[in-house]
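Each of the next two complexes has subunit A plus one more chain, namely subunit B in the first and subunit C in the second.
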Partner chain A sequence: MSLFVLRRLGLMLLMALVLTFAVFCLTNLQPNLEKLARSEGSVRMTDESIANWIVQNGHGGSMVTRYGQWLGVVPGWTYTDDKGVTRGRCISAEVPAEAAPRYCGILQGNWGFSTFAKSPVTTVLARSLGHTGWLMLAVMLVMVPTSLLLGVLSGMREGSRTDRVLSAFAIATTATPEYVSGVIFVALFGSATAGLSPLLNQWGWIEGKTLFLGTATSAMDDITFWNFSLPVMTIALYGIGYIARMTRASMTEVMTQQYIRTARLKGVSFRNVVMKHALRNALIAPFTVIMLQFPWLLNGVVIVETLFNYKGFGWTLVQAAGNNDINMLLACSVVAVFVVLVTQLISDIGYVFLNPRIRLS
Partner chain B sequence: MEELSWGSIFLRVIGQFWPVWIALVALFLVSFRFKRRLGLYGKLFDSPVGMMGFALVMFWVFTALFADMIITHDPLAQLSGLKNAVPGSPLKQPVEGAYPWYLFGGDHLARDVFSRMVMGARRVLQIAPAATLFAFMVGISLGLPAGYFGGKLDTVLSFIANLVLAFPVILLFYLLVTPEIVQTGIPIWFAAVLFLFPILFLTVLFNSRFFTNPRQRNLYVGATLVIGLWAYSGLAFNLDPTGVWSMDPNLLNVFVSVVFVNSPGVFRIVRGMVMDIKARDYVAAGQTRGEGPWYIMLWEILPNARGPLIVDFCLRIGYTTILLGTLGFFGLGVSPESPDWGSTIDDGRRLLNIFPHPALVPALALMSLVLGLNLLADGLREESLRD
Partner chain C sequence: MSDWDPSKPILEIENLSISFFTRLREIPAVMDFSCSVMAGEAMGLVGESGCGKSTVALAVMRDLGKNGRITGGRILFKGRDLTTMDDEELRQIRGSEIAMIYQEPMASLNPAMKIGAQLAEVPMIHQGMSKADAWALARQIVADVRLPDPDRIINAYPHQLSGGQQQRIVIAMALMSKPALLILDEPTTALDVTVEAGIVDLVKALGEKYGTSMLFISHNLGLIMDVCDRLCVMYSGEAVETGNVHQVFDEMRHPYTQALFRSIPLPGADKNARPLISIPGNFPLPHERPKGCNFGPRCDYFTEGRCNAAEVEMREIPGGDRHASRCVKWEEIDWTAPPAARIAKEKTPVGKVVLKMEDLKKYYSVSGGAFGGGAKKVVKANETLSFEAREGETLAIVGESGCGKSTFAKVLMGLETATSGSILLFDENVQSTPIQQRNTDTVSSVQMVFQNPFDTLNPSMSVGRQIIRALEIFRFGASDQERQDRMLELLDLVKLPRAFADRMPRQLSGGQKQRVGIARAFAGGAKVVVADEPVSALDVSVQAAVTDLLMDIQRENRTTLLFISHDLSIVRYLSDRVMVMYLGHVVEMGTTDQVFSPPYHPYTEALLSAVPIADTHVTRKRIVLEGDIPSAMNPPPGCPFQTRCRWKSQVPGGLCEREMPPVQMLEGGHQIKCHLSSEVLATMEPVIKIAAE
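And now, the complex of A and B:
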């Protein structure tokens, strides 16, 4: 078992290295650096001074050495100009050139400086991840129980009316990407001129102008049912259909097994068969699916945070990419890749633990 | 002119789609008449779910085909006084011969939402099926040998596929679909590699079957190479002297990225199925007869894997449509004027609280197309499992 985990960890490390290198190359392309030079230096720089700026600010040299510097396995760049002032990757206002360490990449905890937010990447990232954490927590709390319940209910009696209705619902939600469901939800519940809110307001059922708030900006300070429902519903909806369909497939398969028939023939009530005999086995497959759903949730987070203007991880990623904020974009990519790889690892290991039929040795 | 009521808007929209209704009715009549002779396609008409999905998909396909006849206004024209106009608004200065209403209202630049939605269908259906087809060619060409030969080749290819799948799609788009990337010429190299696969696939396909009959082989392979390389030079490098095949650099970038994102998924499915099928007796029989590995892969294994592949193809077109919408939503790789659904949703969302209609119309359109594809896939799965 430990050998299996170790091998998976080794593979994961290799993938993380390759992926971050790919991201590093794509964010540090020559045109991106030129754009950076223009925005950091001046717009009217000549081509020659742009080339100089790039070299003097540590963006020269081969891609591999720069990647090594960023990672912290190659000594950081330094540059001494004509006046004898030394600048470098590890040198800043607080750390003078004499005291600067040789290595300062992300392994040493130096994630660089965000050119768009004008503050260290780690501060921005920590704050935005905190916001996204709350969003994800709420989504998970809504999505997992709902989808498992729907899946088990429709898989319990295959072909019944409940099954057909719930399956139709599941197909409809998988056909609705977040940017579509978000728009529909806002139009239905969050608009003061259209949808349900004006009606409800007229009847005196709600006090405010709208049933839910169409933006989640205020949820960053104070999460309420009013301002957080729409984003959470939007992200959860797409996942619900998918997980419910997987649970249904797994449940229908379990319900045809011999031991279920035996239990029924023994005279166990249908309720008990489902609760005690089928449920545990039926939930193994959805566990993997839920774990592998995380990368998708990341997508949903980016769309929903942009749509509802909630300044979390996804919003930060979009801003970083839109404003050529190389360090920030790199950091976001590392986080995203890390999340994906870790969930893959957990789903692999968890599957082995949960499923008694798989033995590794 | 009066403002139209909801009922008359509805009737007028239905009327505006007349070529689509005629085509749909004709298609369904013919298909019903001959459904016993049409194989899997005919069987689709036995399942209500599949039929509904097929009708939805064909509705949009015909809409894309007849878009020029359906639209009421130029999708790029801005008429004064109709900024954010509510659905059914009459034109402020009616011109002779122009359609006198904005059926679904105007958007934030006073363009007709209805016509933009119809034209958007054309944009989406031009790219999504083609990109999915290319992704299938790449996935099949790599998945067959990986599953059949196994070993080091499989390890390496699976590792690469897992790498691509480990990227969150949006991040990949933000890295791959940017003007800077177009400047560096990376999309062209991507295209040079990815567009080679269809030619390789078809060449090997024909060669492995007909190599015993040189005349037939030369005809098929020659035709593939001539047409394929001609299209290849135009699409990937924009070097086609006749100018028949060409692609706008931004569009190429979008196309290549979508193919790139989709192919590892196809690769995994094909590889898994080949590993399952290669243990069957008819494969062993082929090997004993002394057939070449590519003949067995392409003419013995692939046809027997077609059921799940066709189902996945339908689902994947829907997924590609969603991806294209995502790209439009973030304004990546599309021109700002473009009527595609993703970017019209993005344009409309800024004033969503006050004027929901400009975003709602393309959102519902996209949803119905993807829903149709999902239902179609479901119907096909049901019917192909039946035999």
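And now, the complex of A and C:
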């Protein structure tokens, strides 16, 4: 088992390197650098001075060395200009050239400076990840129990009316992308002039103008039911349909197994047939799916955070991409790669754990 | 339940009719079925596949699924009608008063629950027993079903046990709350014969110990005779004959029962002198049953206007022990008359050596460990096999699952290459030539008939096309016309109507498909045909026809037939020589008479004693082997059979545990791979004795 985990970790590391290198190459393409030079230097630079700027700011040299510098395995660049002032990757206002370390990549904890936020990448990233963390947590808390419940309920009696209704719901939600459902939700619950809110307000059921708030900006300081519901619902809904359908498929399959019949003919009540005999076997497949949902949730996060103006990871990613903020983009992709790989690992280990046939043989 | 009188039947099924409702039509699976089981009695239910045995059993459990419904009749259990009970009443009876065991043990155990938990659940539900007590009881019952090391087993998961052990657990589960009635639906079909013998013994002993009544479903008449007191023969959804086992076996009063007995190979049957008689025609589908007697179209005694006039009633046979038959003519039929159709055939002379194997070995290397780690292991599938087969001869290869029979066939066919040794086919060495490199002649001269006729035919190609394809591959004939003619001849050869050339495989029955498989194998004029369990997937009445067909073709073409089987009855019936394999070793080889009479190899002896024989005149010595077949990946040191051998103590000095026994040559070329001295071998008694009639 530990060998297995070790091997998976090794493989993960390799994949992380390959993937980040790919992102590094894409973000450091020549046109991007030229754009950066214009925005950092001056917009009216000549082509020649752009080339100089690129070289003088450590963006020259081969892609591999630059990647090595960023990673922290190749010494950081330095450049001494005509005035004798030395600049470099590891040199900043606080750290003078004499005291600067040779290596300063992400391995040393130096994630660089965000050109857009005008502050270190780590600070921005930590803050936005914190926001997204809360969002994800809420989504998971809503999504996992709901979807498993829906899946199990519809799968335990295949073809029943409950099953048909729930399945239709599940299909409808997966067929609706977040940018559609998000807009619908805002219109339905978050608008003071349309949807349900004016009605409810008229009847005196709600005090405020709207049932839920159509933007989640205020949730960054203080999460409330009012300001957080819509973004959470929007992300969770898509996942609910998907996981519920997986659970249902798995549950219906399990319910037709011989051992379920054995249990039934032992006199086990239907409730316990489902709870004690079917559930664990039926959850093996959805567990993997839930874990694999995490990376996919990032996707939803990008859309929803932008839509609801919630400054989390997704929002930061969009801003970084829009503003050619190379360091930020790189950091975001490292996080994304990390999330994908770690959830993969957890899903594999969890699968083994739930399934004794694999665990012990 | 208190008002139930123990002298009354514990289970009484009265005129039960069951239908399945599909989109197309209603399928009347069981019609007017009656039978009763007394306390402590074992009732057998026999019949061919699809005759409705399982349906009856599931109806008793009231578990017919969504589309099944009881359309008439009553099922009385201890005087209470099960057909009108509601879910809660049923739940209380299931598992506590009636328990059921079915065919596939692995599938009936929950893979994610410990054995102990699955067992303990029963008394916890029904008797409200505490968890600790229930586990203690589980442990005790596990010991009762004679499983070694019960403490380890109750903490194990199902996949950690072998098939035989799992089936014992399923039995233990059924016995947890000492039910009054136990329903067993083909409980041993998936198991090897020696394992089956152990389970059957166990079921009988436990039945006696707890006084449980049993409803035992099987298609194997021999097994029914071993286990049951009474039986009920079913045909196409109806009971056709019922009575005491001995009475029905010796004085059957229904033509179907008679035909069934004539189509199974009992000791004394012989392919030349007394060939089997197959039942003509096919089983009617539930919605295509004829008017009047269902067996009419296949019955030798059929009389127009009487048998097909009206539904035939079940009638009591006077003087019998609750013996009844569903035949209008039973009083008129001369039940002692020998069958008319039996035509003795000539014995095929045996010719020159066609196939010769010398010191053949086949090892597989497999990797161990769940995550790909672990050392490579070697599975010795075949160890130093040597034998020869002659023209026109039938050589049977016998052994239980995993003994290497099929590997051997694959090596011979060139689907695998041997690790070492030589295979000489007509004096040409084909040992290491895989099938792609063999020339067409060699390929067409060695052909195979497979176990499962359902998988080997291309479902989207007509029967005639498939045979012509085979002819093309073997480059037979110069023109399409020639091949077309040959195809029709082949259909004649396998006794299929020529019109079948245009049929699709799905329009054929199992036996007919197997005939097409045989026709294809003989398309290239095969000299050696390897038949890997060719009839084991077929019903008994069809088995006889297919075996006879193979024999007829052999007579005509002087083919060498290698017949791979685990069924010793059929092997005795049709083979000239027998090779017994165990864990990749040939442990005994000789003519059929030599192998089936003493001296035996200890394994052959056990195997012979394990095979149930449906003949009341035969007495068998019971030798029940302990334990399971060791894994080929991890064979025991010394003699491969030493872990289960009951003769081991007769060999001095623990030789069996240390050294691989040599092959002893007894008289007449009879070979036995065993350390036992010739004196000890000479003291062996025959396992099967046939009482004089």
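Note that the second predicted complex is superposed on the first by the 358 of 361 C-alpha atoms of A that agree within 3 Å, B and C clash if a C-alpha of one lies under 4 Å from a C-alpha of the other, contacts with A are read in each partner's own complex, and residues count from 1 in each chain.
Rule of thumb we're sticking to: a residue touches a chain if its C-beta (ideal position, glycine included) is under 8 Å from a C-beta of that chain, and two chains touch if they have at least 3 such contacts.
What you are looking at is a predicted structure, and each value in this text was computed from that prediction instead of being measured.
Novice: Should the superposition on subunit A be reported as showing a clash between subunit B and subunit C, or a fit?
Specialist: On the superposed model, which is not a single observed complex, subunit B and subunit C fit side by side.
Novice: On the A-aligned overlay, A:Val183 touches which partner chain: subunit B = first, subunit C = second, or both, or neither?
Specialist: It touches subunit B, and subunit C stays clear.
Novice: Look at A:Pro286 in the shared chain and tell me whether it touches subunit B only, subunit C only, both, or neither; answer first, second, both or neither.
Specialist: After superposing on A, A:Pro286 lies clear of both subunit B and subunit C.
Novice: Considering only the touch criterion stated at the top, classify A:Met15 as touching first (subunit B), second (subunit C), both, or neither.
Specialist: Once the two structures are laid over each other on A, A:Met15 reaches subunit B alone.
Novice: In the superposed arrangement, does A:Thr193 touch subunit B (first), subunit C (second), both or neither?
Specialist: Touch partner of A:Thr193: subunit B, not subunit C.
Novice: Quick check on the superposed pair: does A:Gly105 touch subunit B, subunit C, both, or neither? Answer first, second, both or neither.
Specialist: In the superposed model, A:Gly105 contacts neither subunit B nor subunit C.
Novice: Touching A:Gly76 in the superposition: subunit B (first), subunit C (second), both, neither?
Specialist: neither
Novice: With the C-alpha centre of subunit A at the apex, what angle separates the C-alpha centres of subunit B and subunit C, reported to the nearest 10°?
Specialist: One gets 70 degrees for this angle.
Novice: With the two structures laid over each other on chain A, which partner does A:Gly151 touch: subunit B (first), subunit C (second), both, or neither?
Specialist: neither
Novice: Looking at subunit A, does subunit B or subunit C touch a larger number of its residues?
Specialist: Higher number of touched subunit A residues: B.
Novice: So after superposition, what is the minimum Cα distance from subunit B to subunit C, given in Å?
Specialist: Here the least C-alpha separation of subunit B and subunit C stands at 6 Å.
Novice: So in the complex, which bits of subunit A are touching subunit C?
Specialist: Residue list for subunit A touching subunit C: 1, 3-4, 7, 159, 257-259, 261-269, 276-277, 280-281, 284, 352, 354-361.
Novice: Looking at the complex, which residues from subunit B come into contact with subunit A?
Specialist: 159, 162-163, 166-171, 174-176, 178-181, 183-184, 186, 318, 322, 325-326, 329-330, 342, 345-346, 348-349, 352-357, 359-360, 363-364, 366-367, 370-371, 373-375, 378
Novice: Would you pull the subunit C residues touching subunit A in the complex into a rising list?
Specialist: Contact set of subunit C toward subunit A: 61, 63, 66, 91-96, 99-100, 102, 104, 107-113, 121-122, 125-126, 157, 159-160, 170, 173, 370-371, 373.
Novice: How about subunit A: which of its residues touch subunit B in the complex?
Specialist: My answer: residues 15, 18-19, 22-23, 26-27, 29-32, 35, 171-172, 174-177, 179-180, 183-184, 186-187, 190-195, 214, 295, 298-299, 302-303, 306-307, 314, 317-318, 321, 329, 332-333, 336-337, 340-341, 344.
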